[in-house]
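Provided herewith is a single structure, encoded as structure tokens, for subsequent inquiry.
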Amino acid sequence: MDEATILLTGFEPFGGEAVNPSAQVAQALHGRRIAGATVHALELPCRFGDALAALTAAIAASRPQLVLALGQAGGRCDFSIERVAINVDDARIADNGGHQPIDQAVVPAGPAAYFATLPIKAMVAALQAAGLPASVSQSAGTFVCNHVFYGLMHSLRQHPGVRGGFIHLPLLPEQATRQRGQPSLPLSTMVEGVAIALAAALSHSVDLRRSGGAEA
Amino acid sequence: MDEATILLTGFEPFGGEAVNPSAQVAQALHGRRIAGATVHALELPCRFGDALAALTAAIAASRPQLVLALGQAGGRCDFSIERVAINVDDARIADNGGHQPIDQAVVPAGPAAYFATLPIKAMVAALQAAGLPASVSQSAGTFVCNHVFYGLMHSLRQHPGVRGGFIHLPLLPEQATRQRGQPSLPLSTMVEGVAIALAAALSHSVDLRRSGGAEA
Amino acid sequence: MDEATILLTGFEPFGGEAVNPSAQVAQALHGRRIAGATVHALELPCRFGDALAALTAAIAASRPQLVLALGQAGGRCDFSIERVAINVDDARIADNGGHQPIDQAVVPAGPAAYFATLPIKAMVAALQAAGLPASVSQSAGTFVCNHVFYGLMHSLRQHPGVRGGFIHLPLLPEQATRQRGQPSLPLSTMVEGVAIALAAALSHSVDLRRSGGAEA
Amino acid sequence: MDEATILLTGFEPFGGEAVNPSAQVAQALHGRRIAGATVHALELPCRFGDALAALTAAIAASRPQLVLALGQAGGRCDFSIERVAINVDDARIADNGGHQPIDQAVVPAGPAAYFATLPIKAMVAALQAAGLPASVSQSAGTFVCNHVFYGLMHSLRQHPGVRGGFIHLPLLPEQATRQRGQPSLPLSTMVEGVAIALAAALSHSVDLRRSGGAEA
């Protein structure tokens, strides 16, 4: 019988950055055993379409029981556990392939949105209990991160029982040295936090009932 | 034949505030003729359920050709034209009736989200052309504002051809005197801006193609 | 006998902006009578040295009883009544003459700092009482604004009884349309607020005792 | 002959917090040898007056060659190397002894301000070169941090050749779990950064010429 696998993705650098914490965290956890499952890391291109093709190929190949995609979110200061992916690509900047879609559907004829199927409140609670800042986020944006998140959840409809979600990470301190006034967390903290979030996801088949809302 | 009507809603004060700019703006525009239509203003209670009941009753009664709901968004500095409403009530604070739903659907068995059917890019462009700060927002939160926005779009499925959307407004200056460090805009500016946004909505049956996205 | 005069200065645009609210506000109040004194407006160049030369010449010519300098502060959301000017020029960007001093004294052998001699707490209180957002600011930066503020207070040592101070203003809405996420206030609100602050300054020879501090 | 000593101070918790990163960082570096000097750590009470008495007593006892005071600055995201201390106590909240001075001088008849005598630009440069976010700050506030910083610089006039300064630190991640939306850095990162800043201070008798300014 196959061993349980977690597919953990990160992105290549974009937007003029030399690094991307999401790929570094995924790579750092590659091979790690968490709650009886083994992490399989994958770096995605920061390109509309190609990122999703690579992800769906990896899902088919690794047959994971859980998929967590990671992304970089300059300006955010904590582990942002994303609640919902929306069916729109609207790029403020070009992706790494030079494409800048505006108001295109990720999946034509797909539903307007998908909710993450991970226990987002339990993940926030586990991070906070470990002394790490975390919150539920109500928007993953409209760039390649949301594109991959939406495409992931759409794909998982073909894989009953496989759960999926997305976490946005702050910048690394070295990135914040060049972007004054931006919050950051060091790589080791991010690696620890994502491992905690994965363990919480695997150990909660039903989410906690606690507030994670926003007025606006 | 009936005259064309715009239904424009705002909320009563909440969260300890004595006023709510959204209700004041709606009231100020009551009776105003914009692009051939007459504004009908309505103040909604800041209560889950009741707000939506009042809104749907008003839609039935006034048979508007366009519905725009307004809400207050402390912390935001511009006219936030909302793109999408999600099917979740998750209250960080209690509503004015003392209710604080957590992770409940606005409409059980409703779709995960609805997109606004107003030309949000054209509305942003018109505001900016008038020298007013505006942007597309990717999240209306998970409180009564999103609840009303989602419920509005769900209701409008029964009213083919009637378009709907939501704008979040900053605080009023008088509110910002008590909440240090919060952006604000005066009422007259907000009234002017909402009128401009409504005119743009009425005059664009197809939205502009311009970026209004966010990386995260 | 001479009529009482208020010297009110603003700056020309800088940093790539086409306008500067500080000059517009000063101009709008030129000739206005406030608490028995008449406003004399002056636009200063945004250049180290030249700005101060223009200011001191105007003080000698108009013999004001009170001098208030205004400046633009992108990112701030209220009327920032400055508490203190420091004896350092440290420019992150070049001034309008292409100069970018680093860690130079405004006045060699001058004291490290000067406090405003206007009743800053009374000015904040008057603005808030009028429903306008205001706060005491603990730093006027290290660019031409602080340069003028420091030089003003240094000059006023030669003019016993003449009081001086500085207010930083937010961006105008039209500026905020090009700088997303920046707070703004319309010109009419700024004009009203500066008039209120001036009236409060003229009517309080002793400042109010109320907190205007910051932890950091 | 005496060994060279660095006096490194931090504060006890205040403002309802259970911990204060500044005291933890100082304690963690106690006994550490940096550039030939040994760190002597001291925790100061967060009380006007008492904090300064404890500091001056420690300076007399330990005869340091350099004094660096650390403080907590909720809301800041990097190592904030303070440029200037001003001669005013203006407390928005009460100190730990229940005192809340308003517009009192730290040192009656003292100068309006003192500049740090540490090479603040070199410290920022060293931190950034190590991949840690840092900036010059133009204000240490008006609470106990600025009080200690001002009093320190005033005391050092009696100790020719002894240099002094102040660094504000972000919150710890565990603090940020309870203060949503606040940046944080883990203790290990802060300890590393303060050691780097101290080494830079000790190895630069003359500061670097590089911009560290702010427009406002």
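By letter and in written order, the chains are A, B, C and D; residue numbering begins at 1 in each of them.
Here, contacts are C-beta pairs under 8 Å (C-beta built on N, C-alpha and C of every residue); 3 or more make two chains touch, one makes a residue touch a chain.
Note that this is a predicted model, so its numbers are computed, not measured.
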Intersection of the contact lists for chain C and chain D: none
Reference chain D; chain at largest CA-centroid distance: B
Intercentroid distance (Cα basis), chain C paired with chain A, Å: 47
Whole-Å gap separating chain B and chain C, where each centre is the average of the chain's CA atoms: 37
Averaged-CA centre spacing for the pair chain B and chain A, given as whole angstrom: 30
Graph class of chain-chain contacts, one of line, ring, star, complete, other: ring
Parts of chain A lying in touch with chain D, wherever the complex brings them together: 77-78, 127-128, 131-135, 172-174, 176-177, 180-186, 188-189
In the complex with chain B, residue positions of chain A that touch it: 15, 71-76, 80, 83-84, 86, 88-93, 100, 102-103, 111-115, 121, 136, 138-143, 145, 168, 207, 209-216
